[in-house]
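Below are two complexes that have subunit A in common, paired first with subunit B and then with subunit C.
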Partner chain A sequence: MKIGSIRHVRGFDVARPISIGVMLGIMLPLVLLPLLSIFVFGTSKGLGVFWSSLIAPDAVFALKLSMVTSFWATVFNVIFGLFGAYVLSRYDFWGRNAVIVTISLPTAIPTAVAGFALLLLWGKYGMIGKFLSEEHQIMFTPYAIILANIFVTFPLAFGVIKPVFDTMSRSLEEASATIGATRWQTFWHVTLPSLRGAIVSGALLTFARAVGEFGSTILVSGNLAGNTQTAPLYIYAKFNEGQIEAANAIAVVLALLSFVIFSVLFFARDWLEFEAQEA
Partner chain B sequence: MIARMKLAPDTDQLHVSWAPDREKQTGVAASVVGISKRFKKARVLENVTFDVAEGESLVLLGASGSGKTTILRIIAGLEQPEQGRVILHGTDVTDLPARERGVGVIFQAYALFPRMTVEKNIGYGLRIRHRPRKERRETVDRLIKLVQLEEHRKKYPWQLSGGQQQRVAIARTLAYQPQVLLFDEPFGALDAQTRVHLRREIRALLKQVKVPSVFITHDQEEALELGDRIAVLNNGHLEQIGTPDEVYNHPATEYVATFLGAANLLLGVITQGEVEIGSARLPAEKETKRFREGQSVKLVFRPEDVCLSRDANLPEGCRRLANGVIEEVSFVGAYERLNIRLDLTHRVQTANEAPLYQVTINTPEKMTGVPIMVTRPKPEANAAKYNAGDRVAVGLTSFSVLPNYTLARQR
Partner chain C sequence: MNRRASFTTIKASLLLLALLGLITGSSCLPKSPSESGGTVNITVYGFSIMKESLEKAIYPGFVAKVKTEHGLDVRFTSSFAGSETITNQIIAGVKAQVAILSIERDAQRLRDHQDVTSDWHLLPQKGILNKTPFVILVRKGNPKGIHDFADLGKPGVRLIHPDPISSGGAMWSILAIYGSELVKSEKQSGEADRARALQTLQTVWRNVISTPGSAREARTQFESGYGDSLITYELDALLMKQGNPNVDAEVVIPEATILSEHPAVVIDRNVSATDRPFINAFMQYLWSEEAQRAFVKYHFRSSTSEALTQENKELATIKYPFTVDYFGGWDKAYPEIIESIFRDSAQKRK
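Take a look at the complex of A and B:
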């Protein structure tokens, strides 16, 4: 045995513990410890403080507002993503690729730019906004938050559903047609069930992203506590006011929520992949 | 549409004809008339016409790219022809969408709905037609029994073998009483052994349900076994349609002869009721009747239609072609294969013969003889053994004479 060879010492691979250690060493301070500190700080002053910060009216309102606006943005984007994926994978037309690129564009646009763009379009002096009467203005209302959420999460559901459409064998739909089904029956009984997994994961991704949206909402919502303040805005506002406990309580809730959503996505993967392999 | 969907009232019987009543009146279940189709300038089908009779199974046989799948898709309504009509039981359905045609397609990979159980797959046709629950259940029960999948009715497609999936696919179409069943390469995805087993099973099933069917395949053995008739397609063109016996033993074109099994091909001219090939003359009074004197023809015969003899006495019914030398003897499974070189020397042209019809042998084969392939079944091979180098008399029991349109082409 050569002296310089330390790669295998009696069947023990030194590279293994070293590389795992390095990986964990990078991950811990960057990802795991920040998450952990939320939970540590959140409960450091006792569960009572945590609970009372959580049930403060503005906090509850911010959480509710985040859920509701994210929900409607998700509904819209899943339906549109489904429709868009259907059209773009079933029909070939001039400029199709340009449309696909455009749909995916919001992923690359900074969210602050997105919010600013919405203001320029829908704001009081914006291109569309100037035609709306004073009481129908939508900027600085919950609708503006939904609009911003839609813009920012637009490509997510589409991006998950489209590949499934593309790889789905046409013969299933053709079989359904020769059996005598109308287009709608085929879509409802054959196409949609095959997309179940993609729709669920697309919706979860969209929702998770929308709940955490900050950059665009802070511009279009007006950030009025108890009125247009979403949960991330609440965290930011309370932090600025020095109420760390209040900010922390909401942060814990949001972190837990994304943890739950992610677990569902991760552990449901077998179930989600079922149709990918069958279709 | 509604009339076609009605099921036979006697639900207990399995030997019911599943075909609609209308079938019995005409005798022709489906017709394809003058279908032409091109994809982006490439011609796929050129004026294809054929009928499928009641209860008949017709096989469309052709290499890949011959247009057979396109015909199937046109009959099903999944593709529109440029010209021509599709007629199902006397009704022109060319302009009807697939769902209103009432044809059953068994797709290559079966295309069973992955999220539905066996019974839901089979019941799908009646479900989307909003048939009463009782009728749906009865039909599904009967069909599951027919295709012998009773113990699998609650399973999903991925839990079934290829053969079982195929039976589900067939039952799924039978549920709505299709006018015609279309099978797209039904055994393509299966291994050789299952394939043979399954096509017998399907053949038996079709005899039972009596629904006219169209199969497409590139496998000649499959075509011969499955088809009441075979239509041979080449490059979007229908070469020949006929019973397996007709297309195999009396091929209309060189393509049919060579695609369906092996064939020997010799070029010759017609001379006084005989086919003249080089120095040999094959008596063929009947076969040459439709040709002009001096016309250039192809003589096509199968390896198994050759008879051999050590002396000049060929068996009864065997017409003498030429002498030859055995070049090689080999065993190929059930057969013995002989490569023989025929003594066919250069024929001297007569004075008044047009040079157009000249058939010369001026390749190296002029010296060595023209090669042909002969096969003999084992008993025959054992009864009269030949070795390489033996000289034999060569005769033909059966052959076809086809016009040779490629003028003055040299062999």
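Take a look at the complex of A and C:
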């Protein structure tokens, strides 16, 4: 069989192993090996060092702070994502497209710029901040971290939920209205179940992105260990201090968390779509 | 549902539940240990190399002292970064109560911004907490043959140097390079040779391969194996060797070098009337014999007592030491040397 004439895929198709090999080969130095090196280095000095780095009070605090601030940012952005997607999908108004573009802007802005912008607005001499008293200052508190997370993950849940709204068949909603359901009842019992999958994947995406946020957090939080230092900030601080093992342990935790989140997103996708169709 | 879909559902639900448990279990902001009632909280922002001496010796010493004398618990919260960085953070509004800075100019900046209203010169030793000379770190065996600052300008030498924008240590280093040439030429010919000093600064700066944000970051980079050389605080070089005995580094003591002097100031803006007695007590403690001895153990030189400094046998003797007063203080040194000579002449690469 001539090698050059492989257009059909009867028999052995050499393009298959070559393509797979090339794909993995490209991924290896760019993605796979860096990820692997975190795990290899993290346990290279022995599990004892790894464990003691994990249970250090500042490390535990940093992880907890990351979880909590990301959680609340996710809650806010999913609720707004639902609301915004509903409004922008159902109603047409002058400037509608501009609003959709603006919602997507935060992902294009460098995160350091986002942090800087928040400081300019809420800082002691900021446009809003200067009207706040000393005790009610938002910057350099955990609330600033939540604000920054909301900003940088703003379009993620919205971007997942809106297409579902757009492609949703209105006939069910209209039917529900004709039999006397209120707007809220229609939303809760008819619209929302179809959005379940999008809400879950939007929430998981937002959460994963918020946990990993660094550029804006380092500017607005003040980076006080055991107070306003999130997990990525902790890793950065430990690395700069020369405590590579401590940084590595937390890096492993964050890497595992992202792995779990995206595994769920992947394995549950069938379930999410299936359930959506059933509803 | 077929069997495959139901298996996926179970897997997915379990994972989701685990995530949910993780999240909701911690949906309230974690209690910062310093917020527990009944304790006195002191927030200190220090420049990058202060971390070990403060956290391992000074804080525990002060906490023990207050506990035995007054029965109160003291909790310290700290943040460490380049001196310029922490000064900018304090100006931006972080709630620091005490700042330990690398250069006195940063204290002046805080005073100009009215974050510091009391005069730190009224503190012991005019507010200078401790000092250290600037030394050169090279690889073991000194393969590039570096014996003084001028040798760092030799072709092929790769120098790591912190960024003067964010690091106080970087500015000390520049003054050390420039000043050492002035002092040496003065000793040789009786007149300070500015042209030679500028030329040395230019050739050295041309060999800089990386400018990390703080002195400690620069040390970490060097320790990880990058570059041939590093100019840093003597104490950080000694701390590095102490923490990592097998590190590929050795210390070269220049003939003439600057002694950096580190001020400690109170950020009056963030100190309430109830905090004030504890902050004052802490400031007085910093110059006590106990604290100064602790600093010497961590390779600083004491600002109060030469005898205490002698207790540390690893500290080198500098042949021709000078301080920033040689240039007329930071008021003159900053605009004349850092800004016009370094920034405008040396830093601009061709």
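The criterion applied here is as follows: the second predicted complex is superposed on the first by the 258 of 279 C-alpha atoms of A that agree within 3 Å, B and C clash if a C-alpha of one lies under 4 Å from a C-alpha of the other, contacts with A are read in each partner's own complex, and residues count from 1 in each chain.
What we mean here is this: a residue touches a chain if its C-beta (ideal position, glycine included) is under 8 Å from a C-beta of that chain, and two chains touch if they have at least 3 such contacts.
The model shown is predicted, which means the values in this text are computed figures rather than measured ones.
**Q** Should subunit B and subunit C be called a clash or a fit once both complexes are overlaid on subunit A?
**A** Fit - subunit B and subunit C, as placed by superposing on subunit A, sit side by side.
**Q** Quick one: classify A:37 as touching subunit B (first), subunit C (second), both or neither.
**A** So A:37 meets neither subunit B nor subunit C here.
**Q** In the overlay, work out which of subunit B or subunit C sits against more residues of subunit A.
**A** Ranking subunit B and subunit C by residues of subunit A touched puts C first.
**Q** In degrees, to the nearest 10, note the angle that opens at the C-alpha centre of subunit A toward the centres of subunit B and subunit C.
**A** 160
**Q** Determine, under the contact definition given at the top, whether A:169 touches first (subunit B), second (subunit C), both, or neither.
**A** first
**Q** Go through the superposed model and pick first if A:102 touches only subunit B, second if only subunit C, both, or neither.
**A** neither
**Q** Applying the touch criterion given at the start, work out whether A:182 contacts subunit B, subunit C, both or neither, answering first, second, both or neither.
**A** Only subunit B is touched by A:182; subunit C is not.
**Q** On the A-aligned overlay, A:226 touches which partner chain: subunit B = first, subunit C = second, or both, or neither?
**A** Touch partner of A:226: subunit C, not subunit B.
**Q** With both complexes superposed on chain A, which partner does A:193 reach: first (subunit B), second (subunit C), both or neither?
**A** Only subunit B is touched by A:193; subunit C is not.
**Q** Superposed on chain A, how close does subunit B come to subunit C by Cα atoms? Whole Å, please.
**A** 10
**Q** Which bits of subunit A are touching subunit C when the two form their complex?
**A** Per the stated touch rule, the residues are 57, 61, 64-65, 67-69, 71-72, 119, 123-124, 137, 139-140, 142, 200, 204, 207, 222-227, 237, 239-242, 260-261, 263-264, 267-268, 270-271, 274.
**Q** Which subunit C residues qualify as touching subunit A in the complex?
**A** It comes out as residues 1, 5, 8-9, 11-13, 15-16, 18-19, 22-24, 26-30, 32-34, 43, 48, 51, 77-81, 89, 92-95, 212-214, 216-217, 219-220, 223, 240, 243.
**Q** Once bound in the complex, which stretches of subunit B touch subunit A?
**A** Listed in rising order, the residues of subunit B that touch subunit A are 76-78, 97-105, 107-109, 111, 113-115, 124-125, 127-129, 157-158, 172-173, 176.
**Q** So in the complex, the part of subunit A that touches subunit B is made up of which residues?
**A** Answer in residue numbers: 169, 171-172, 174-182, 185, 189-190, 193-194, 196, 275, 278-279.
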